[in-house]
Amino acid sequence: MNSAHITLAQIIWIWIGAFLTFCIFSFLYKDNPLYRFAEHLFVGVSVGYSISISYHNVLYPDLIVPLFKHGQLLNIIPLLFGLCYFARFIPQVSWLIRLPMGLVLGFGAGASIPATLQASIIKQIQGAVLTPNIFKHWDFFVWALITFIGLICVVTYFYFSKERNKVTKLVAEGGVIFLMVGFGASFGYTVMARISLLIGRFQFLLRDWLHIIK
Amino acid sequence: MQRTIPLALCLGFGIFMIIQFFIPHPVSNAAYDIVLKWIRLITIFALVLGVGSLSMHHTTKIRRKITGWQYSIVTIIGVIVTAVIGLVGGVGRGSGLQVIFQNIFIPVNATMFSILAFYMASAAYRAFRARTKEATILLIAAFIVMLGMVPIGSAISKRLPELAEWILTVPNTAAKRGIIFGLALGSIATSLKIILGIERGWLGGGRQ
Amino acid sequence: MKFFEILGKIDRKIIFIILAVVVIIPLIKPFGLISKASSRAQSVFDAVDAIPAGKPLMISIDFDPASMPELYPMLTAILRHAFAKDVKVVVLGLWLTGMGLGEQALATVSQEYNKEYGKDYVFLGWKSGILPVVLGMGEDIKKAYPADNYGTPLESIPMMQSIKNYRDIPFFISLSAGSAGYETWIAYAQSRYGLKIGAGVTAVSAADAYPYLQTGQLTGLLGGMKGASEYEFLVKQKGYTNQFSPASQAMDAQSLGHLLILILIVLGNIGYFFTRHSSRKEQQ
């Protein structure tokens, strides 16, 4: 941040941000009123933010303008379905909430079936068996073979519908090894993620608040 | 009727979306456009549920003076002030809403997740034990990836990043692909059960 | 023996303080470890670099401030790259709480390159429902987004005249922190409309993205803060920017943080094994 352009208001807001940061950090010592205050403030602000964005980005341009300014009466149908959500607060007609839920769930479930088949099954099988790269070099072929064997082992491990015999038991144990390596890789990356988040906050405190680092 | 109509809507729209994927006919596309628009408008009203439940919960706490009711006042004030500033002032550049977002929302949200680093360090120290061979394999893989993925790994040994890359590209890919298959098959089965009305948990309780 | 038992019983507040010190010191006094670019980051970079001037890059902000340290530097680095190459940018998002971050990034970076709203970049904002947005843009972006984030009808925005749907988008990047994210774009936008997708993800989900990388469903991957620093390195190397790179600055602290976690795990295991050994001895 170029210090020449920082106004008093910006300085005050940065101090507020730093104060709230320390309020949350104070939880590391123990739960306390400052942490509770910051937590509840955050909940309130996030709901207020959601209401504002929802109105300006969706309700006004997609419903209010087309329906009330341009007279597109077909929009009454989704409006009525949407209003059924309010029925949740009226016990006598609370069942009406099932109407928009059924519609949205059916839509989501129906859309997901071909998409999941295509992206998560067909494409992944193609990737497991046939990639152009595997014939480029001998080690690509070896690694692709190991990946394929690992996949079979993992899928065998997740098959619980039948009791395992000696062969499937051995294969499943191989699957466990691959899974442990995968989870170890995920854990390694997770450590990176968590430390990154902490670094981000310290960068804010040291750079934007205290100006110790540039 | 209270369960039949919602189930019928679920079945109808579910089948329509599956079939529509394979039919590029103009009539099908026109219906598809309408459905997409309706879903976008209907889902925004679901926000009402969240806001309503939150408001009811906190106003009840304030009314009955339940422990911590003072914090509920902070929440309610936060909702009202932010919503009014946002609704009146808009969401544009330099708006009051953007100022609140940058100086209240970001610090609190970011810090809440940053304290996980401390708990992760403590948990790694206390709980990560190489008790079994599986745990040891996990630990070794984690060590290699942790070092290989940061610059200090290549400073220690040029092989470390290559080994970490191999772990991620070969055994990790195999494991994650197996998990993707399992999740995908489960998701398809659940979606079919929802569309066909076999899975009815979303209807909730009630006599009918 | 007692020393090794004590090793297994360090108070957690001491661990917290050590972690804080280990992270702060390299930020104040960096020791300059260089982060070279991986092939995954290079793929994303090359895909953006290959977009001809005047053509659009679409970026989806699928994260919130909780993942800001990892993904926000990616966003700013990609914007700098695109603006330096006179690539048009269309920004939108599936996460409501990420919209403020998009606004902030565009406000900051567009000024550095004197880019004009509506001519060089557009911020579409957020729409509810997720699937209707992802699927709807495959047919007509203006139907999914009748207006931009500020309420301006898309039809009146100059750069959107030539962009109808995904077929007019040479490359798409999803910066995602979870669900909905790059997997949603792959499943719905790519499988149905063939959109070319790259991803920037938090480190937590980076390992999960490798199967998609291997099949080619993802053209490149930026994983966590390291991925962000790699992209910053590439953008700087090509001379597209000389701005401050927060992710690159953080790599020293990241490295020491990882070393500390490793040492803690080793110490914890040493303490555990010696405690177990001595209790077995006592039993005998």
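We just call them A, B and C in the order they show up, numbering each chain from 1.
Note that a contact is a pair of C-beta atoms (placed from the backbone, for glycine too) under 8 Å apart; a residue touches a chain by one contact, two chains touch by 3 or more.
What you see is a predicted model; the values in this text were computed from it and never measured.
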* Counting only chain pairs that touch, give me the topology of the graph as line, ring, star, complete or other. => complete
* Structure fact -> So the chain most remote from chain B by C-alpha centre is C
* By C-alpha centroid distance to the whole-protein centroid, which chain wins? -> A
* Take the average of all CA coordinates in chain A, do the same for chain B, and state the distance between these two points in whole angstrom. => 4
* Asked: In whole angstrom, what separates the CA-based centres of chain B and chain C?
  -> 17
* Structure fact -> dist(centroid_CA(chain A), centroid_CA(chain C)) in Å evaluates to 13
* Asked: What positions in chain A touch 2 or more of the other chains?
  -> 28, 46, 49-50, 53-54, 56-58, 62, 107-108, 111-112, 114-116, 120, 124, 127, 147, 182, 185-186, 188-192, 195, 197-198, 200-201
* Do you know which chain C residues sit against two or more other chains? -> 16, 19-20, 66-69, 97, 99-100, 125, 127-128, 131, 135, 149, 151, 192, 207-208, 211, 214, 223-224, 226, 254, 257-258, 261
* Structure fact -> chain B residues touching 2+ other chains are 21, 37, 39-44, 46-47, 90-91, 97, 101-102, 105-106, 109-110, 112-114, 117-118, 120, 124, 139, 143, 145-146, 149-150, 168-169, 172-173, 176-177, 180
* Which residues of chain B touch chain C in their complex? -> 21, 29, 32-33, 36-37, 39-44, 46-47, 90-93, 97-98, 101-102, 105-106, 109-110, 112-114, 117-118, 120-122, 124-126, 128-130, 139, 143, 145-147, 149-155, 165, 168-169, 172-173, 176-177, 180
* Structure fact -> In the complex, chain B touches chain A at residues 2-3, 5-18, 21-22, 34-35, 37-52, 54, 68, 71-72, 74-87, 90-91, 97, 99-118, 120, 124, 134-135, 137-146, 149-150, 164, 166-185, 187-188, 190-192, 194-195, 202-204, 206, 208
* Under the touch definition given earlier, write down the residues of chain C that touch chain A in their complex. => 13, 16, 19-20, 23-24, 27-28, 66-70, 96-97, 99-100, 125-128, 131, 135, 146-147, 149, 151, 183, 186-188, 190-192, 202-204, 206-208, 211, 214-217, 223-226, 244, 246, 249-250, 253-254, 257-258, 261
* Asked: What does chain A use to touch chain B in their complex?
  -> 13-14, 16-18, 20-21, 23-25, 27-28, 36-59, 62-63, 74-75, 77-79, 81-83, 85-86, 88-89, 95, 98-117, 120-121, 124, 127-128, 143, 146-151, 153-155, 157-158, 175-192, 194-195, 197-198, 200-201, 204
* Where on chain C is chain B touching in the complex? -> 10, 12, 15-16, 19-20, 33-36, 38, 64-69, 97, 99-101, 103-104, 107, 125, 127-129, 131-133, 135-136, 139-140, 143-144, 149-151, 192, 207-208, 210-211, 214, 223-224, 226, 251-252, 254-262, 264-265, 267-269, 272
